[in-house]
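Each in C-alpha cells, the structures are laid out below.
You will see subunit A twice below: alongside subunit B first, and alongside subunit C after that.
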Partner chain A sequence: MEVVNTALNVDLRDVRHSFGRTEVLHHIDMTASTGVTGLLGPNGAGKTTLLRILATVLKPKAGTVSLLGKDARNRHDLREIRRDIGYLPQQFGYYPNFTVFEFVEYFALLKEMDPGMVRPAVVQAIERVGLQSQARTKMKTLSGGMVRRVGIAQAIVNEPALLLLDEPTVGLDPEQRVLFRGLLRDMADHSTVFVSTHLVEDVATACNHVVVMGDGRIVYRGTPDELMTAGNETTDAAGDSAMERGYSAALASGRAVAS
Partner chain B sequence: MNATSISFSRVSSGMIPSDLVRFGQLLLITLRRFGLWIPVAIVAIVGIAWTHYGIGTTSTSVVLWSDISIYIAISSAIVGTGCGVLMSFYAASRGRRNIDDLLDSAAMPGWKSDTLTFALAACVGVTVYSLVAGWNLLAASRVVSWGAPYWVILIAGLATTVAYSMLGTAIGMIWPHRLAPFLTLITVTLIFVATAAQPGWHGNTTVRDLSLWNVLLDQQDVYSPWYATRWTTNLLDCIWLAIAISAVSATVPLAWRHRERSLLIAAGVGLLTLLIPFAIVAGGLRPKTNQWTNMEHSILADIELVCSVGTANVEVCLHPAWESELDRATIMANDFITPVQGLTGVPTLIVQSPVRRGPGSGEAVDGMEARIHLDRYSHLEFAIPDAILSSIYPEGQSWTDAHNFLAQWLAERSGTYGPMHYSMGEVGPETPLSMTDIGEQHDSYDARIQSLVDRFNTLTPQQQRAWLEAHWDQLRDGSIDLDQLP
Partner chain C sequence: MENHEKHLDQDLNIDLDHVWQGIRGEIWGKPLSPMERITRKLVGSAAIARVMMTSPLMYLAWITASVMAIALGLMLTVTSGQPLVPLMAPLLAIAGVTYAYGPGADSAWELSRTMPVSASMLLPIRVAFIFTVSTVFTCIGTFFSATATDITMLWLLPMVALSLLAIAIGRLTNGSALGGVVSGLIWFGIVLEPLRDQLQRPLSQIDMGVAVSGAAIRSLTPIYLLVSVASIAVMMFWRESDLSRKGRLWKW
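Our next item is the complex of A and B:
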C-alpha cells in the first residue's frame, strides 16, 4: 500500500523580506504538504525571493520558516533540511568543462548523499530528464534547453522531499515540456514541489495547487480548477484562456486590496 | 519508524570516512575538469627550460646536487607565479558562474566546497613543481656522481610554489573579476620585490632573509659538497613564510565569504602565525645564520679524495664530486709544471681545498703541495695555473713583469689561461685579481709580454731549462730584469 506523506513540509509564518528599503515580501503565510504548487505572478512579484527562502539560500528579515518539520534557523536542522532539498535557481550557472554526469554527480555529493548511492541515483536522474545519450557530453556544448534539463536532474538526484523549481520550463521544447510535466506528477506522489512559472498551461496540467503572487503578497491560493472557474466567471479580465483570465483577475483583486 | 530513521541518518552523516570519501570524489571530479591543464603544462615547461638554462650557464662540466636543488627551488619564482595567475583566473571565473545559490542550498557547508578550490590550487602547485623537479632530478641523476639532492631546499621551492598558487586562488575568490590574475601578478611581484633584494650577510635577520634567493647567496659556501650543512635557519624561515601565506590565503577568503565563527578564528590564528614571527624577523630580533658561521663547523670528515698522477709525477687530488674532471686536471697540471718540474716551490701535489680563498693568496703547505679551490664557476684553465703559481710565487708578493712573463709562457705551453687572457677580456667569473692588476696600457703591455714569450720560445727546451734554473729565484721573487732574457 502506498504511503502518502501528508505532513506539512512547508510552514511559513508572517515571513517578510526586503532588499535595502524595498520590501519584496509582505507577511507571507503559507503551508504545503505533498503535491505540486504552481507559483504564478508577474516579474518582480516575489516568486524567486520566496523560492530562495524556501531553498534556505536567503534568510528572511522576519517570520518563521519551518521546512520538512524542522526549523530552518537552527544550524543543525538546516543541514538536515538541505540534504532533502532539490533546487533549480532561476539563474542556473554551471561549470562548462563538467560533463552532464559529472555535474549531477558533483551536486549529489554536495547534497551529502551516501557515496555508494550516488552513481545509480545520477544515472536515474539523467534518464528521467531524457539526457542519457548526453551523459558524457560537456556542459558547454549543450543547448539552453538541455542545460535546463541538467539543472532539473541535479535538483531531483537526491529524491528530495522538497523540490523547488524556478522557471524550469524556460527553453524546453514542447515535447520536453510534456515530459517535464509527467516528471512533476511523479514527484508529487512523495514530494512537496514548488514550481515558479509564467506559463499558465504548466500550472493547469501539472499542479495540484496554485498560488498567485503580486507585489510581494499572495493574492490568490486554490487549485487550478478553481482559478479556471474564476476565469470563466469574469469577462473583463485580460487573457485568451479561462486560466489566464482567472490569473489576471486574481492579480487585479490583489492590487485593489493592497491599495 | 521515522524517528529511528532520522537518528541513523544523523549518525551516519557525521562519520568521517563517508565525508572523506565524498570530499575525495568531489576533488577527483574537480581535478578531472580543471580545464587549465594545457596552461599548467606550459608553465611547467617554462620552469623546466629556465632551470635547465640556469644550471647550464652557471656550471662547468661538473654538476653538483646543490646547483640542481637550488635552481629547482628558485624556479618557484616562475612556476609559482604562473600557478598563482592561473588559479586566480580559475577561481575568479568560477566565482562569476552564477552558481552560488545552487552551492548555498547544498547540505555540504559552503566553506567545505570552497576548500576544494584550494585543494585544487595545492594540487596544481605540486604538479607543476614536481614536473620541474622530477625532470631536472632525473636528468641530473645521470651526470651527478656524488652526494644527494638537498631535500629541504627542494621543499622550500615546493612550499613557495603552493603558497603563490593558494594566494592567486584567494585573490580570485575574493575578487571574481577578469582582472584578478593581474592583481595576483602584482601581489606576487610585490612579495618578490620585498624579499628578493640581496640581504646583508651579517647582523640580524631582516624581511629580505625570507626569500628563497638567499639560497643563491649561500650556495657556494654553505651548500657545498664539502659541508654537512643541508639547510640554514634562513631557509626554514622561507618555508615558514610560504606555509603562513598558504594558511592565510586559504582561511581569510573562507571566513570572509562564509562568516563562520570557527573560520574567523582560524583566519585570525593564521594571520598571527604570519604576523608574529614576521614582526620578529622584520624587527631584526633574531641573529641570522650565514655562510661564515656555518662552514667552519660542518666540514665533512669522511670525504675520500680521488687522486691521479701525471707524466710529470704531479699528483692531483679532487673531491669525488669533481671526479669527472680529474683526468683533464691531471694532464693540465702536469703539462703546466713539466718545464719547471723540480725547481724550488714547484708543487708535486695539487689538492682541492674546501675553503674558498681569494685568488692568488693560496699558501703552499710545505712547498710541495698546492691548494686548488673549485666551485660551480671555476674553470680548470684558470684554477690550475692560479693554484700552481700561488705555490711557486712567495706569498704576499705583488706581481711583476717577471711573474706575468712566466705565467704567460707556462700557460701557452699547456693550453691554459695566462695573464694575457685576462687582459684581453677572456676572464672567467672568478678572475684572479693578481692577474688583472697589470695597469691601463693593456695593449702595449700585452705586446711587450708576448714579445718576451716569443723570444723565449726561440730557445731549445734545454736552453730554456738552463736559463730558468739559473734565474729561478729572481723569477720567483720578481726581481729579475726581463731584458736579461736570452
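Our next item is the complex of A and C:
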C-alpha cells in the first residue's frame, strides 16, 4: 500500500486526559498522515478516549491537538475540521424510525455538505457498505451488523480527510469484514484513517501503521510487518499468530516501562 | 450498450455514475416537502431545516406531551384555578426537552457532537420548533374554548419567545448552552417579579396566581413579541456575519 500524501493530518503533542481523578491518557505524542493506523490495546487502554479526542467530542485536559492542519481549540477551525471528519463511535446510536437512506442523509446535511451533492453521496456511501437493498428499510428492523454498516456509511458519506472508526468490525460477518478491509484500503489513498480494534487480523490486512496502547500510553508504534517480526522473535509471549505474540510482547514491555 | 454509454460519457464529459447515483437518491429518499423547501429558504441552512422537519418525527411523544399538557392545563384552570401548571410548565418543558435531546436519550448524541452544526444549537432549534407547533395546536383550540386563549398566553407564548431567545444567544455564542440557562433565568425573573411584594410572607401565604395571571402575562405580551422579533433579527444578523466572514454576499 503506497502512501501518497505526507501532510500531517493529526498532530498530538503531550495530550493528557482524565475522568475525575483517574488519568486515562498520559503524555500522548502522535502524528499521522494519509493511510490507515490500527489502534490495538486491551479494554481500558485509552483507545476510545483517544479517538473521541480526535473526533473533537472530548477536549483533552492538557496538550495540543492539531487536526487537518488546524487548531482544534479554535472555534472557527473546529467547524472546518468537523466538516472533514467521519466518525463511528463505539456505542453507535441511531434513530430507529429513520430509513437507512434518511439516516445517512440526515448526517450528510449536518456535515454541511452541498445540498445538491448530498443524495448522490448518500447513495454512493450506502452502496460502498453493501446496503443498497436496505436503503429504504427502517433502521429498527436491521441486524446489528447492518446497523454497524450504516454507521460506516454515515462516517464516509462526506469523503472525510480524517476517518475515525471505533471497533467498526464488531458484528460484521466474515464476508463483510473482507469488504470493509477493501473499503479501508480505498480510503487510505486520500484519508487519514484510525481504526480501533481488538482483531489483529484487521490490522494485519488493512493497516499501514500500528499503534499499541496500554494503560493510557502508547507502548508500541510501527508497521504491521514490524510487529509481526517482533512476534516471530519472541518465544515467551502469548498468542497463536506472530502478530498476536508481537502485540502481547509490546504490551508486556510497555507495562514493564510504566512500572 | 455498455460501450455506447462509455462513448457518450467520454464525448459529453458527463459522469454517468454520478447521474445514476442522483437518480437512485431521488428514488430512495423522500421527496423534499414544500414545508422543508420553505424552511431551507427561511433559515438558509439545509441542515437546520432538516433538523426542524424531522424533530417531531423523531419525537412524536413531544407533540403528544404538548397536547396532553394543554389539556391538563385547561382542566386545572377550569376546575381549581391553581396556577402551578402555567408556572412550572415552561421549566418542566425545558428540563424534559433537554433530557430528550441531550445525552440522556438522544441515541445519536455522540455523533451529533462531531458535526459542524453544533449539537447544543440543535437543542434550542428543536425546542422552539416543537413549541411553535404546540402553539399552533393551542391556537386551533382557542376556537373551541375561551380558556384555551389564556393557556396560550400563560405558557406557550412565553415558551416560544424564550426558546427563540435561547437560539439567538446560542448563535451569538456559537452553540453554547448559555442560551437555555439565560432563558430559564428570565422565566424565573418574570415569575418572581410580580411576587416581589409578597416575598416577606411565609410560602403558604404567597399568592402565586399573581405571577401567572392572565393579566400579568398579557401585560408582557408585547415584550414577548419584541423578544421573539429581536431574537429572529439576531439570528439573521449572525448568519450575515458568518457569511460575510466567508466573503460571500448576504442573500435572503
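The rule is short, and it goes like this: the second predicted complex is superposed on the first by the 255 of 259 C-alpha atoms of A that agree within 3 Å, B and C clash if a C-alpha of one lies under 4 Å from a C-alpha of the other, contacts with A are read in each partner's own complex, and residues count from 1 in each chain.
Please note the rule applied: a contact is a pair of C-beta atoms (placed from the backbone, for glycine too) under 8 Å apart; a residue touches a chain by one contact, two chains touch by 3 or more.
Being a predicted model, the structure only gives us computed values, none of them experimental.
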Fit-or-clash call for subunit B and subunit C when the two complexes are aligned on subunit A: clash
First, second, both or neither for A:P120, with subunit B first and subunit C second: second
Touching partner for A:Y106 - first (subunit B), second (subunit C), both, neither: both
Contacts of A:R136 with subunit B and subunit C, given as first, second, both or neither: second
Touching partner for A:F180 - first (subunit B), second (subunit C), both, neither: neither
Subunit A residues touched - subunit C or subunit B, whichever exceeds: C
Subunit A residues contacted in one complex by subunit B, in the other by subunit C: 55-57, 79-80, 82-83, 85, 87, 89, 91-99, 102, 105-107, 109-112, 115, 118, 154
List of subunit B residues in touch with subunit A within their complex: 6, 9-10, 12-13, 18, 21-22, 25-26, 29, 32-35, 94, 97-109, 113
Footprint of subunit C on subunit A - complex, ascending: 55-57, 75-76, 79-80, 82-83, 85, 87, 89, 91-99, 101-102, 105-107, 109-112, 115, 118-124, 126-127, 132, 135-136, 154
Residues on subunit C engaged by subunit A in the complex (per definition of touch): 18, 21-22, 24-26, 28-30, 40, 46-47, 50-51, 54, 57-58, 106-117, 174, 245
Subunit B partner contacts - residues on subunit A that touch it in the complex: 52, 55-57, 79-80, 82-83, 85, 87, 89, 91-99, 102, 105-107, 109-112, 114-115, 118, 154
